[in-house]
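Both complexes below contain subunit A, partnered by subunit B and then by subunit C.
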Partner chain A sequence: MADYSWPEADRRAQIGARPARLDGPVKSTGFAKYPSDQNPRGLLAAKILTCPHAHARIVRIDTSAAEAMAGVRVVHVIQGEGSEIQWAGDEVAAVAAVTEDVARDALRAIQVDYEVLPHFVTEEDRDQAPGAREAGERAEGDPDAAFATAHRTVERTLGMPQMAHMCLEPHGQVCSWDGDELEVDASTQAVSTLAGQFATELGVPASQVRIRTEYMGGGFGSKFSPDRWGIVGAELARKAGAPVKLFLERDQEVTVAGSRPSAFARIRAAADEQGKLVAWDSDSWGSGGLPGTGQTPLPYVFSRLPNRRTRHTSVPTNLAGSRAWRAPNHPQACFLTMAVLDDLADELGLDPIDFLERNLDLTGRPDTYREQLTIAAGMASWKERWQPRGRRRESAVQRGLGVSVHTWGGRGHSSNCDVTVHPDGAVEARIGSQDIGTGTRTIVAQVLAETFGLELHQVRVSLGDNVYPQSGPSGGSSTVGGVTASTRRAAQDALREVLVHVAPRLEAEPEQLVAEGGRVFVDGDSSRGIPWPEAAAQIGGAPISVQGRNPGPGRLISSGVGGVQIAEVEVDTETGVVHVERMIAVQDCGLIINRRLAESQVYGGLIMGVGYALYEEWIPDPVSGRLLNADMEFYKLAGLVDVGSLEVHMMTGPGYDERGVIGLGEPPVISPGAAISNAVANAIGVRVPYLPLTPDRVLDALAGRGGPA
Partner chain B sequence: MRPFGYAAPATVEQAVGLLAAEGSEALAGGTDLLSLLKDDVERVDRLVALRGVAGLSGIELDGGMLRIGAMTTLQELRDHDGAIAALPALAVAIDGVASPQLREMGTVGGDLLQRPRCWYYRRGFGLLALTEDGRSMVAEGDNRYHAIFPIGQARFVNPSSLAPLLVALGAEAVVHGPAGERRLPVEALYQAPQTAGERENTLAPGELLAGVEANVDASRSAVYEIRQRRSLDWPLMAAAVTLTGSGSRAERARIVLGHAAPTPHVAAAAGDLLSGQELTPETVAAAADAAVEDARPLSGNRYKVQLARTAVRRALGQAAGMEI
Partner chain C sequence: MKGRRVTDDAKRSGFSRRSFLRGGAAGALSGGLATGLLAGEAGAAAADAEATETVGPGPVEIELEVNGVASRLAVEPRVTLLDGLRDRLDVTGPKRVCDRGTCGACTVLEDGRPIYACSRLMIESAGRSITTVEGLGSPDAMHDVQQAFVDHDAQQCGYCTPGFVVATAALLARHPAPSEPEIEAGLGGNFCRCGTYKGIRAVVAGGKGGGVSGG
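On to the complex of A and B.
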């Protein structure tokens, strides 16, 4: 049985280094061609007509005027007469035309009569929600008795709204048919699995569907399927006999292409005189659009809390269904839990870090959190600078510090990788994965280069195409574990084959040889070696090609991480405006392949986190049922000057490295909402019960006016 | 995009003639109008481009009189050292447009006459956003960014960055039309429409805004805007104040709120309260309270009353050079 492992720390040239991402130059100069940049010869532009009502029945649809327009190639009815529409923005018809403008004009020429039906779009008050479904109650221990004898109890009603993924490259694809063969340039997180989904819908064998995604402009969990616009795009292309580009308009992107479920909860939590958590009772509800939403995992991180009861109600709304949003359910659960624990610490008169530390045995990773809390507190000068809640300086502007902890899995997904060594020394990997902006291409190249003792520019990585070996969708922080395991295994096997050919030349056994620094030599005696090209030439005329497969957790990869974040904020108590001054993130993710990219992931998580903590929310109109901010004007994202100073500490070295590679995409986005909310409470002395922390909500809290329900 | 005509006149007379035709609309920087057309919120038969019209752009500082051509870009005004030195509050108002692209393309006239940002209007429900049975979508819907001084059925807010300051200064607008030139106070450029066909400005068909003139010599001014983000974002509230007189005494005070009402909102009572008074934290606070005394916030924008109070207080403090 071959041995697959990472090199020892003192023999790593690539792993743990900080190379810049390989596609940085082509992306920053605009040379990188994203799916939405593809313009094959004869391309038609397609647009989708959507329903303006949140709930309606299509009474009549007349496409004749659109069909008669010059430049219109195909008009396609998606939902015909009699269809019941359940959210504004749902797709009704599509047009393929010679230009985008003609397609848009044609949409306006389609006559649709609707019977408008009652809608429900604001789930804050669940008592008014039609169709709310109770998911049942779970209990452990004896919460009632524990509350009755507890030293301190807090009760809060908290919540955060539905919000959008807001991918900068909207959802969509370019579809081109050649006979029965379909090529799709898709903006997707799932290159290897998309073909089968297209094939089923279109009635062609999956082997005849090609998916390509060389680069893509953001998915965050919302781009795992062809979606209706993918199938419609392929149908339009088939009918038109020409390639069709169909990407969503910005308002569609915001409205139907991805949202994060809301989460509200009335929570009671209690502690004893030693500051130990003794009881939890939560009654949560939320909506992920029409499907409602599943239970938020409460209490978060402190899941071994002894006496607890949880109830959940799923509230359907006339809004498009939610999609996985970076760390599904975790940011919500984290905010709801950490805000209550922070308030309980205040009630107990304890420093919140002290309070968390007293309860770490209720978590799955007490040692990790203890170490991370110490490091984060040090970075923030917490001991010197933290003060209890309340006004501390004579100014409208108050400062505060807040802390939060989080967890994630991050196990590598299924992945296969072909590694080929050519007789001239060229080394390449082919893998049906995708680089969704996280640096996967660079990571695979580093593993290759490390294994063969080469520089990054000496290896080639091909990905983003389903002709390459299957690799899983990029979700759940599963990619880095999957692709590094499959690549490392293939590379180690390929190298062993090479070494068998090289060994006679060096008068050594293959097991004695190593490839490092551009040479193959006898381990311990580098004078007995030859340069890599000469070594590769020993394999003869044909390249060596080996496939590696990720068999799951083992020496190369594992799962389960912890993280701690501290936020420092400034709050103008006369305007309610919150500004994040500083975010500190301490994060582990096992063995880090690329320090720069790992830190970049955390920076990205913090920036996204500031966004949902302060600015981002869907604003559905109770009157029309439409989103009022399906644009980039009032759907507010954090700008560079809004995010403050970001400081990242990655846990590495003994205790972390030997765990192998673990995913990192999701964990850093979990805590910001909680940490920032706690910092605001620390600054102004009261809890703002609702995210995002907009001026109206902050001023309401300061004025003693209530929460979301 | 619906087809439309395009005219590029070279003189004011030609422009006025073209604009007199029904369905014609003046095109200045185009940072907003073109989007409105693409989104099918507004329709035009013909755009009349003002960029090539002689005499509409430029900045003159003549004694205490500041004259700004309507086609002057916000960035040109920002870069005019003389104008900024004479009226530092201009820099605050322009810098609030935190986008180089908008400052470079957007014009002074375009800023003054830009259409409201009301999200009901922008979704095609009209400026008044009334349902078929006459109910107000704004009043019954989400109005967090709307007026705290609604006027009749008009509940949107005037979004201009420059108007509050110019109104506070008592600036005049120079308007050209079929009957020649007329001058009016900048505040008289605005009205609150009460029927679906009415506009939020008072220009008649064929009229175009040629520029504005303000005496900037004998007063101290300040602009204070409250916005949620430091990156590009609309103010939630803005206040402009102009004080005449020196030291801590105000001979006359003019206080104008932006993003508060369908027109730039002159807080006359607040100004009167301070006129002839010593500026102290107490008198300033009293003026701030007076500025919002007659506010009638909607269901979701009560917080803007507090923002208005704060903006007035801070603007007064800055104009008077005192800690508030």
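On to the complex of A and C.
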């Protein structure tokens, strides 16, 4: 049985280093060609006509005028007469034309008569929801008795609205047919699984569908499927006999191509005189558009809290269905839980870090959190600087500190990787994964280079194409574990084959040989060795090619991480404006392949977190049923000057590295909403019950008004 | 569509947007109307057209310089500079994201000045010099700002990067050590979704402007 493992710490040249991402130069010069940049010969542009009503029936659709227009090649009805539309922005018809402008002209020429039906889009008011569904109640222990005898109890109604993925490269693709063979340049997180989905819908074998995604402009959980516009794009291209580019317009991107479910809850939590949590009762609801939404995992992290009851109601709305948003369910559960625990700590007169520490036995990884809380508190000078809530200085501007903890799995997904060693010493990996901006291309190269003792520029990585061995979709922080496990196993196997050929030359056994620093030599006697190209030449005329498969958790990879974040904010109590001064993240993720890229993931999570804590929300109009901010002017992202000082501490080294590689994309985005809300409560003395923490919500809370969500 | 490289002679020839549009409008009128009684009216119409520079709605022939290369093409007046660059000239570095002057992913230099290419009609840039991110440097010969984006990992998915690189280069060319208000003015109009601002801050703090061409 071959042994697959990472090198010991003192023998790592690449693992844990900080090399720059390999595709940095092509990206920073604009030479990287994204799917939306593909302009094959004869390309047609496609646009989609969407329904302006949140709920309607199509009575009549007339495309004749559009079909007669010069430059229009294909008009395709997606939902015909009699179809019931359930959300504004749903696709009705599509046009392929010689230019985008002609396609837009043609959309305007399509006549659709609708019978407008009643709609519901404001789920924060659960009592008004026509389709609310009880989604289960669970209880453990005796919450009623525990509340009756508790020392302190708080009760809060809290929530956060739906928000958008807002991928900068919109969803879409370029479809090109050659006979019965389809090529799709897709902006996707799922290169290896997309072909089968296209094939089923289009009635061609999956073996005739090629998917390519060399680069892509952001997914965050929203780009796993061909989607209707993918299938429509392929149909248009087939009918037109020409390649068709179909990318969503920005308003469509915001409205239908990805949102995070909302989460609201009435929560009671109680503690005893020692500050130990003794009871929990939550009544939650939320919506992910038409499908409603499942239960958020409450209470979050402190899941062993005794005497708890959780109820959930799913509220369908006439809005497009939600999609997995970076760390699905966790940011919501984290905010709802950590805000209530923070308020309970205040009620108990305890420092919130002290309160969390007293209850860590109710979590799945108390030692990790304890260590992380200590480190984070040190970085924030918490002990010296934290003060109880309340007005502390004679100024309109108040400062506060807040803390939150989070968890994630991050287990590597199914992944196969082909590694080939050529007789001239060239080494390459081929893997049907995708680099969605996390640095997958770079870390696969690092694993290859580490295994063969080479430099990064001496190895080649090919990904982003489904002709390569299948590798899982990039979701749930599963990619880094999957691809490093499959690559390392293939590389170790390929190297062992090489060493069998080299051993006679060095008069040694293959097991005695190592590949390091560009040479193959007898371990412990580097003088008995040869340069790598000479070693590779020993394999003969044919290359060695080996496939590695990730068999699941083991020595190379595992799962399960904790993290702690602290936010420091300034709140102007006259204007209600919150500014994040500082964010501190303490995060573990097992063995780190690339320190620079790992830190970038955490910084990115913090920044995205500032966005949803302070600015981001879908704003549906109850009257029209449409989003009022399906754009980037009124759907606010955090900008460069909004994010304050960011400090990251990665838990790495002995005690962490042994667990192997664990995913990192999701965890750092979970806590910011809770930590920032807690910091604001600390600054102004009252809880602002809803995210994002916009000035109107802050002023409502200061005025003692509940205010609308 | 890419044409010949602009020579000094071509630059000296005095091609301007105004003279081009005037010539095109007058020419179109003289073809159809310059006879008989209507000749006088045509003359008046031509004078009006000269004052208001009416063109279109059909394609208008224009010439502009993109990354040092002169391009002559016919575009409808409604085509934005961004769409013209991407769809007609295959210059795809500038990205279309918000398409209405908010996110900055389409930032290019026009005669050295940063503009949103999505909010400029291509015919407005006739006779002007456009520099996109591709014009600042190439992977083998990066502009200092491009190199700094790599060094500080100021990019993830990379879709906002072309706009940020151009905006940063323009900022540092004007203010090698920008103040906070200057940073806000220079980069506040660009958004990143992956969250690369920490790296971009480091690029700005490094201050390696290296100058921008095309001005």
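Note that in this section the second predicted complex is superposed on the first by the 706 of 709 C-alpha atoms of A that agree within 3 Å, B and C clash if a C-alpha of one lies under 4 Å from a C-alpha of the other, contacts with A are read in each partner's own complex, and residues count from 1 in each chain.
The rule is short, and it goes like this: a contact is a pair of C-beta atoms (placed from the backbone, for glycine too) under 8 Å apart; a residue touches a chain by one contact, two chains touch by 3 or more.
Keep in mind that this is a model prediction, so the values were computed, not measured.
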Touching partner for A:Val641 - first (subunit B), second (subunit C), both, neither: both
Contacts of A:Thr29 with subunit B and subunit C, given as first, second, both or neither: second
Subunit B versus subunit C as contact partner of A:Ile436, first or second or both or neither: second
Superposed model, subunit A: greater residue contact from subunit B or subunit C: C
Touched partner set for A:Asp101, first subunit B, second subunit C, both or neither: both
Touching partner for A:Ile619 - first (subunit B), second (subunit C), both, neither: first
First, second, both or neither for A:Leu202, with subunit B first and subunit C second: neither
Subunit B versus subunit C as contact partner of A:Val577, first or second or both or neither: first
Subunit B and subunit C footprints on subunit A, overlapping residues: 101, 631, 633, 638-641
Residues of subunit A defined as touching subunit B within the complex: 101, 104-105, 108, 574-577, 579, 614-615, 619, 621-624, 626, 628-629, 631, 633-634, 636, 638-642, 694-696, 699-700
Of all residues in subunit B, those that touch subunit A in their complex: 1-2, 40, 117, 119-120, 122-123, 125, 131, 137, 140-142, 144-145, 226-234, 236, 300-303, 306-307, 310
Footprint of subunit C on subunit A - complex, ascending: 20-21, 23-34, 36-37, 39, 45, 99-101, 166-170, 215-218, 220, 249-250, 436-439, 596-597, 599-600, 603-608, 631-633, 637-641, 643, 646
Contact footprint of subunit A on subunit C as seen in their complex: 76, 78-79, 83, 86-87, 90, 92-100, 102-103, 105, 132-134, 136-140, 142-143, 146-147, 149-151, 153-162, 165, 180, 183-184, 187-188, 190-201
